[in-house]
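So, here come the structures, one by one.
Two complexes follow with chain A in common, the first pairing it with chain B and the second with chain C.
Moving on, here comes the complex of A and B:
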């Protein structure tokens, strides 16, 4: 019964975030346009696909995705602080763990939307087809996005009320999320060059990292939302 | 009160003499007892300092995270002072690790810096420490500062396995357990013990200093000297 209530609340919170973005788009357009601009700048470095470019394409794609993703993370909590929405949200009978999982899901969906736009754009501009192996790429994108949104949601919540939040978000996020960046880049590289045993090892590392941070976030989110 | 203070002062003085004697013995062993390494010559002796401060940096990060968890559980500011003291000394040791490692790398690899996995992970640890202090510096309210920095310190713990396992996971060139003369192993062990003792002593002194500063501030607020 309690689980069903938590699941329902979780869904309504995710729904609220998506609906707010649909009615008054703020984070997603900026994030998507920034990702396209980054893909364009990066693709200038790749003239024609070669073995060397296959090695580099994963790194370039994920750097563009993660940098653009910080826009959605930045808006994730700062939007709530405007007009005291956050205080209103905390007054509802919602567990902090549920709140964290809802914010995480909203960020995760934002990153998935980002990938949907960025993958064809990157393929078109760079000539490296990331979606040539759809299954492995989808698995990589799912676990990488989950890990990135788990750490990102926590760091975004931590910095949301601070005076220098924009700088601190990026400064704290990238060192903490480096295993995800490394894992996603290496898994994509292994997938593109056809080394699937290596790809599987990186997917395992990414999954472990995501699981640890989702569990840690659910446990410690309470301490971030006290005030 | 007077008696307790004098006993505390005597204990700290005795500990300081003990640690100084240990460090002097360690210095003697590094330069006079340990044999000269055949390939690198005297430059190799920097390893005794490098490994010791690297160990203290990681221990500082673990201590910072564990005492931060204790603060969140107990809400006693003493644990926050312990966490800050461990973090400051950990950051200092991480800085020394990077500096001594860079000096060693210049002789061993003919470069001051390379994006080797363990070096990268150590730099990430340094950045996480720096982020921890930036978060602390950006929050005025002592309780909020302690709470948010405690959450960040717990997240920083995730970087410790990355630093330790970096060379194994990512096949780096950083030595893991090199072959050593037994006398070199003894000196390395003594060096780690000496620097750990110094780390503990400095952590105690810094924690005492932070407590004193908090008491002075509290007294000033009571008397209306500051707001």
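Moving on, here comes the complex of A and C:
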């Protein structure tokens, strides 16, 4: 029963975040435009022979995705602080772990939406089809997005109440998320060059990282949101 | 408490029987310091079921801080807060209805959606029905489809109160609930608070309006430089009931 209650409240929290974004888009458009701009700039600036594109495409793609994704992370809690809605949320009979998982899910969906827009755009710009191997690419994107969402949601919660949150978010996020960036870049590179044993090792690393941060966030979220 | 206390589950209203031996709201030697300065200092307080307590004090006296401590949202620097003899936790948040200055309303969502979200967070069995009841009770039915951010201050205040009380909690903490209400709104809220008292709800509200405190409250507590003191309700306005 308690699990069913937690699952229902989790869903309504995610639903609320998506509905708010739909009614008054504040994160997604900025994130998508930034990702396209970054992809374009990176593709134009990197002047390399076309045979090296397969090696570089993963790095270029994930760099654009992660930088643009910070916009969604920044807005995920700052929106809650208007009208002190976050204080209201903490007064509901909802476990802090459920709140964390709901915010994580909303951020995860934002990153998935980002990938949906960025993959075709990047394929056009770089001439490298990331979706040539749909299964491995989807697996890479899912675990990378999950890891990025888990770390990002934690850091965003930690910095959300602070006046210098924008700078601090980036400052704290990038060192922590480095293993995800590295893992996603290497997994994508391995996938594109057909080295699937290497790809599988990177996917395992990304999965472990995501699992650790999802578990950590669920356990410690109560302490992060305390006044 | 007599209700079955499963984690994160709220018993139905029919199950709810306030226990007499444990006061709904108790603060013992409650101190909350901010930047090393005690905003609330060694406050002792016990409020019974069916009691309506007014909390007064000058601006910055610590009313909001005390209410937030009582709501379990601010951890006391020392001392403790108990609801029905137990420390507040997310599992027991269904016991509390707390309306703050800020409203806790999502401006993009409609009045109805804000209430529906609150009802769902409390896992009410028929959320839409309860939302319709609350909209009718607060005179907000015709504004149900309007975004909360577009409502006037008075209507937002009504909606905020409805949000806080959508689950009919036994403990009601209201931070300046009369602010922004027009004459009709004031009368409506006074009646609502009296009705809640009749139904044995424990109510603590902060106010700057002495007349309202006299007219409504059973007891008046005054915060002066963080110290909680019992203030008299004048003879001209005797308290309805003393705890």
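Keep this in mind: the second predicted complex is superposed on the first by the 222 of 227 C-alpha atoms of A that agree within 3 Å, B and C clash if a C-alpha of one lies under 4 Å from a C-alpha of the other, contacts with A are read in each partner's own complex, and residues count from 1 in each chain.
Please note the rule applied: a contact is a pair of C-beta atoms (placed from the backbone, for glycine too) under 8 Å apart; a residue touches a chain by one contact, two chains touch by 3 or more.
Every value quoted in this text rests on a predicted model; they were computed, and no experiment measured them.
Asker: Check whether A:171 is in contact with chain B, with chain C, with both or with neither, and answer first, second, both or neither.
Answerer: first
Asker: Thinking of the overlay built on chain A, is A:212 touched by chain B (first), by chain C (second), by both, or by neither?
Answerer: Once the two structures are laid over each other on A, A:212 reaches chain B alone.
Asker: For A:96, decide between first (touching chain B), second (touching chain C), both and neither.
Answerer: A:96 contacts chain C only, not chain B.
Asker: Considering only touches as defined above, state whether A:220 meets chain B (first), chain C (second), both or neither.
Answerer: After superposing on A, A:220 lies in contact with chain B but is clear of chain C.
Asker: What is the contact status of A:188 with respect to chain B (first) and chain C (second): first, second, both, or neither?
Answerer: A:188: touches no partner chain.
Asker: Going by the contact definition given at the top, which residues of chain A touch chain B in one complex and chain C in the other?
Answerer: Shared contact residues on chain A (touching chain B in one complex, chain C in the other): 226-227.
Asker: Given the complex with chain B, which residues does chain A contribute to the contact?
Answerer: 151, 154-155, 158-159, 162-164, 168, 171-172, 175-176, 178-179, 182, 205, 209, 212-213, 216, 220, 223-224, 226-227
Asker: Within the complex, which stretch of chain C touches chain A?
Answerer: Checking each residue of chain C against chain A gives 6-10, 68, 71-75, 90-94, 96, 98, 100-109, 113, 117-118, 120-123, 147, 163.
Asker: Which of the residues in chain A come into contact with chain C in the complex?
Answerer: Those residues of chain A that touch chain C are 1-2, 5-6, 8-9, 12-13, 16, 19-20, 23-24, 82-85, 87-96, 226-227.
Asker: Where on chain B is chain A touching in the complex?
Answerer: Residues of chain B touching chain A: 72, 120-121, 124-125, 127-128, 130-131, 134-135, 138-139, 144, 147-148, 150-152, 154-156, 158-159, 162, 169-170.
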